[in-house]
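What follows is a set of structures for review.
What follows is chain A paired twice: with chain B in the first complex and chain C in the second.
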Partner chain A sequence: MRDRLFITTMLLPTVVLLLLFYGYPIFDNLKISFTDLSLLGMKRGGNWVGLANYRELFRSGDLGHILFNTFIWLTATSVILRLLIGLGIALLLNTRAMKLLRLAAVSRFALLIPWATPPIVAVVIWRFLLERNGAVNEALIKLGVVDHPIAFLADMRTVWPSLVAIMLWNTVPLIALSLLSSLQTVPDEYYEAAELDGATNWQKFRFVTLPFLMPAMLVLGLMSVFWSFNNFVYVWLATGAGPGTYTNVLATEVYLKAFIDFRLGYSSAIGMVMAVIMGAFGILYLRLVARQQLEETL
Partner chain B sequence: MSAPASSRHWRDPGPTALAVSAVLAVVVLFVMVYPAVYVLIGSFRPGGGLLSATGTFTFRNYVRIFQSGFGRFIVNSLVICVAATLASTVLSIMAAYAFSRFDFRFKRALFTGILFGQVFPWIVLINPLFVAFATMHLINSYIGMILTYTAFTVPFSVYMLVGYLVTVPKSLDEAAIIDGASRWQVIWYIICPVMLPGFVATATYAFLLCWTEYLFALAFLTQTDLKTLPLGLYQFFGEDNVDWGAVMAASVVTTLPVFLLFLPIQGRISPGRIAGAVK
Partner chain C sequence: MLKSLAAALVVSAAMLGSIRAAAADPVTITFRFNDTEQEVRGAIDEFQKENPDIKVDLQRIGWKDARNQFLREAAVGQGPDVQHSAQVWVTEMGDAGALLPLDNFLKKDPPSNGFADFVAQDLAKGKDGHVYGLPWTTDTWAMVYRTDLLKQAGIDKLPQSWDDLRADSAAVYKKTGKAGFGFPAGSSASGAIWFLANFYWWSHGKALIVQKADGSYALGVTVDDVADAMKYFKQYMDGGDNPQSNLAASDAHDPSIMQALVTGNQAMGAMPPNTYKEIIKAYEDANPGKPVPFVSAPFPHPDDTKSSMFGGRMLVINANTKHPEQAWKFVKFMASEQVFAKYYRTQFPAQNSLLKKIDFGAPLKGFAEQFEYARTWGPYASGPVPIGTMWNLTDRAFGTALSGQSKPEEAAKGLLQEIEKQMAAKG
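Presenting the complex of A and B:
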């Protein structure tokens, strides 16, 4: 009985805080999405408009483009490249050659630099490097790759690859270091057994290393889907969803509609679409990650 | 373990493999390190060193940003982030202790909810929170930001701390309780000293999340004298032209504490654990 009171005291503040900041807003967001609430007329309140915001959203020509950007560029491309490059770097750092060259430790330290760099600063760094007369253009012109400087973040042909590159620079180290620590836990016996069977290096990688890394890759991949899909800062700070609205994604659209166009109701409808998509991912997360985290932790 | 276990069983690399590895490693090193170093150097050059090839060393960028009121943003960020970190760490230690020591109804459901909080899209919460904050006069207020940052670092902190706390044997608590200590005394005199490095690592990471948070600050702080560091950094980006010298210096000022705080704790923060906390 005394324990029960104690447990309640310990948990109550956290539970109340989370209900106020996650539970209540998600329901209120649903409510707002059925109104025409404006940022400028909040005192007056919004009028109930039923499904009008949703109807407008699904009829608007922008949605397809925004979903394409969010799914294909912001999420799929960045997640797949992040895992592949991260795996590549982890494997490289784990080779005998790196040990012999005494590069393993220094490379690991080097990975900490982009990892520790906050996203807000990572964007600054790359906006500077990708400027018309910035270092990247300067190098490309000197090497004779291009004649005229490219406006990387303003040109439709280069803006998405540039954005993905910024995200990768900032987030690949986390993946690489994670996979490297997984690599170092592969039991010796597995490789010994493979050697006895006369396995080649490739076969050892394919049948010992890769299966061993798969669980970690799956978790990292899924978490990576979450922080890419939900991400606001990279796109907003690097391009402001531009040129025009060319790089607009769901997160920046929610912000644009609410705080630039003052249409809180419409913006909340977009937020609900996002929440529903995340809910679908959430089931995967519960099945694959949360359950495992729960077992490991509790 | 002197060598990574897995590398011992690969054949020794020939000269070609060595050369290829060396080249690849240099490319990786260059791409990872050079951008950050370039900005650090740029912060000491006029105009960020962009147009002028003159390599004159100057502190003027730093002097200029502080003259234009950058110090104010640092103070705002410090007040908000320190308060939020303290609040969130205390709440999280309490919750994590309960999770790690007791079995109770809804325990798994509650913990799953907290894990879910880690991956929830913050952007979806911004409209309803803005409406609620506006009616409670919490827009442009320290209190509003502190509450927000407390709420948004709690899921991560609880998860981290439960991970640490389950490694402390329950028998330690039970022995003390038999000796007549209360639960609060157990936490204060036994758990806290033992777990201090873990608590410090968790609190530090929570602080860094607040220190570099942009979205909530953007939405909830519109008054210049209340803005935080990330907003201050981006005010040097004008409509048409960018004051690169100031931006470089402000970036260094923003990032320096991050590096100083992050490097000592990074060994304690397993990448898998914080993967969800990256926003």
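Presenting the complex of A and C:
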């Protein structure tokens, strides 16, 4: 009993701080989402409209398209590709050949460059590269792949793959380097034992490497979901949610409604829906990762 | 006794010193400007020289964020003392309580030639009748042509109608392989195609928003009118004479469009005069001594319609300013003839008396002619739907049609339904 009281007392300041820093803004946002507050009427405040903003959001004809973009392109596609490419790069960097050629250190350093590039700079660089007279189009034309420049960020066939490519360029290095550090913790004895048992390379990867990497991949995967799902910068800076509304996602919709249409109440309702979805991912994260870590610690 | 006297003397001396220091310290006002610093640096330095008791702290912000940032700050009692504003923002910012009414200043200490000398006075007023902004600059958009490319395409007369423009643009592309009329068709809440769509409607005697005799607002175009405009501009994309990549260009001053005009990869453009001046300068820098191959001309229109807008900027004072007198002094100075004559040469003044004195020169002749056929945004700015919302909705609706996401009729219907919905919601 005394222990429990001690633990509660020790945790109290942290809990209070968390409530202040996270709880209050969420509560405030929830409150605004039940009003018609406008950016032009912030001094006056908003009128209570109950669930009207939520009703409008769920009845909106655009919601399906926005959710599809957010879940499928922005989150699922980018996260899966990020993990696969990151894993591939980590495995490559961990090969004996790379070590023998003394390329491992150079490659790791090279990987740090895109990772250290701020997203805004990454998007600007890629916009230049992908534009009509940009390096990518020039290369494709010179190689005879295409006759005319491709409007990568304006053509519906190429805009999402281009956006995902920009995100991957900027974020894969972190995944690759994290997985590389996990790879280096796999004891050589395991591989030697597998070899003695006649395991093929694929079997060594499947039954030795992968189980070792799974905890890290799980954490990185879930963290990537958080980073991607909420991401605003890549889409907004690269396409402005266009052409038309083709690349509009929840985060850009929040911005459009709040700062273009001035509808802070409605925008807050979208933000709350995003928070609920992220909360679900958070629970998943707690169940799959945090609890396991806690149990291991205890 | 002596100790007390000494202490009193020290305190008095300290107080006197601090009073003197306070008297010598200039008042600092903040001016937030949305274009380049070099355009106004000289004028600010001159103002500070003439008014050593006022220091002007120049802040810079991009146009895209300027209004929202200011509104957010003003709502919590913050923000710059003087803000650079688009003419069409002033009414709604004044109604939001973010701006200081200027009526008293205009009465007691008016600019030379008075407020009546300024253009766009209707846009400077709030719905409560108070004046919230001092019109500072004015401009209009016009067409810009590269004469060398037109010549190569066998075009010896500038287009007089929208059909001529379309035919000439296609001819340039076909005969030279260069872009014809390259316009920004991006889907964003920026200039993009919003301006061109409105010019097209205006020149056909229509307008997206109209004010009725009873003072209420209504849509002035039908679904067919909007779809017709979409189909017209879509031809340029489908024909290839406006490159597909311009679906990602959001402004007239998009670097790819400006660069294409400078390098001779594009024959025609539509823009405000400061963008045109930048293009001419870039061409002259790249081709010293060569004659400039550009001319400007009004947008196509019949004689009895308008085909461009009186655009421009205003200077507004934050409702939260602690230095209203100094802010007004600065605003008045910035709108004076000496500033436009000596320093702020990239824009035209918003005073009729000063506008008359301007020699537009040969390259800008088309802009001068366009002023005759320009109109203010009027009901667009005073109506119930924020103009930024209409920019965004229109650009995105055109974006969906021009990129082939939806048929022009569907996009047009969606656009008008959304604007009507917002008009109804806001009364």
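A few remarks follow.
Note that in this section the second predicted complex is superposed on the first by the 267 of 298 C-alpha atoms of A that agree within 3 Å, B and C clash if a C-alpha of one lies under 4 Å from a C-alpha of the other, contacts with A are read in each partner's own complex, and residues count from 1 in each chain.
Note that in this section contacts are C-beta pairs under 8 Å (C-beta built on N, C-alpha and C of every residue); 3 or more make two chains touch, one makes a residue touch a chain.
It should be emphasised that the depicted structure is a prediction, and the values quoted were computed from it without experimental measurement.
In the three-chain model built by superposing on chain A, chain B clashes with chain C. In the superposed pair of complexes, A:Met42 makes contact with chain B and with chain C alike.
Contact with chain B, but none with chain C, is seen for A:Val106 once the two complexes are overlaid on the shared chain.
In the superposed model, A:Thr209 makes contact with chain B only, not with chain C.
Legend: residue contacts after superposition of the two complexes on their common chain; A:Leu183 is shown touching chain B, with no touch to chain C. Legend: residue contacts after superposition of the two complexes on their common chain; A:Arg96 is shown touching chain B, with no touch to chain C. Legend: residue contacts after superposition of the two complexes on their common chain; A:Val146 is shown touching neither chain B nor chain C. Within the superposed three-chain model, A:Pro243 lies in touch with chain C and out of touch with chain B [touch as defined at top]. Set against each other, chain B and chain C touch different numbers of residues in chain A, with B touching more. When both complexes are overlaid on chain A, the residue A:Leu264 reaches chain B alone and has no touch with chain C. Of the two partner chains placed by superposition, only chain B is touched by A:Pro118; chain C is not. Of the stretches 131-139, 149-157 or 257-265 listed for chain B, only 131-139 runs into chain C once the two complexes are overlaid on chain A. Once both structures are placed on chain A, chain A residues 39, 42, 131, 133, 259 are touched by chain B and, in the other complex, by chain C. Per the touch definition, chain C reaches chain A in the complex via residues 68, 71-72, 75-76, 92-93, 95-98, 186-189, 240, 243-248, 250, 256, 259, 265, 386, 388-389, 391-392, 396-397, 399-406, 411, 422.
On the side of chain A, the complex with chain B involves touching residues 3-4, 6-7, 9-11, 13-15, 17-18, 20-22, 24-26, 28-29, 32, 37, 39, 42, 89, 92-101, 103, 106-107, 110-121, 124-129, 131, 133-135, 169, 171, 173-175, 177-178, 181, 183-188, 191-192, 194-195, 201, 204, 209, 216, 219-220, 223-224, 226-227, 229-233, 236-237, 250-251, 254-255, 258-259, 264, 267-268, 271-272, 274-275, 278, 282, 285-286, 289-290, 293-294, 296-298. Within the complex formed with chain A, the chain B residues making contact are 3-13, 17-18, 21-22, 24-25, 28-29, 31-33, 35-36, 38-39, 42, 48, 50-51, 91-92, 94-95, 97-100, 102, 104, 107-108, 110-117, 119-132, 134-135, 147-148, 150-152, 154-155, 158-159, 162-163, 166, 183, 208, 211-212, 214-215, 218-219, 230, 233-234, 242, 244, 247-248, 251, 254-255, 258-259, 262-263, 266, 270-272, 274-276, 278-279.
Those residues of chain A whose C-beta lies close enough to touch chain C in the complex are 39-44, 131-133, 148-149, 151, 153-156, 239-246, 256, 259-262.
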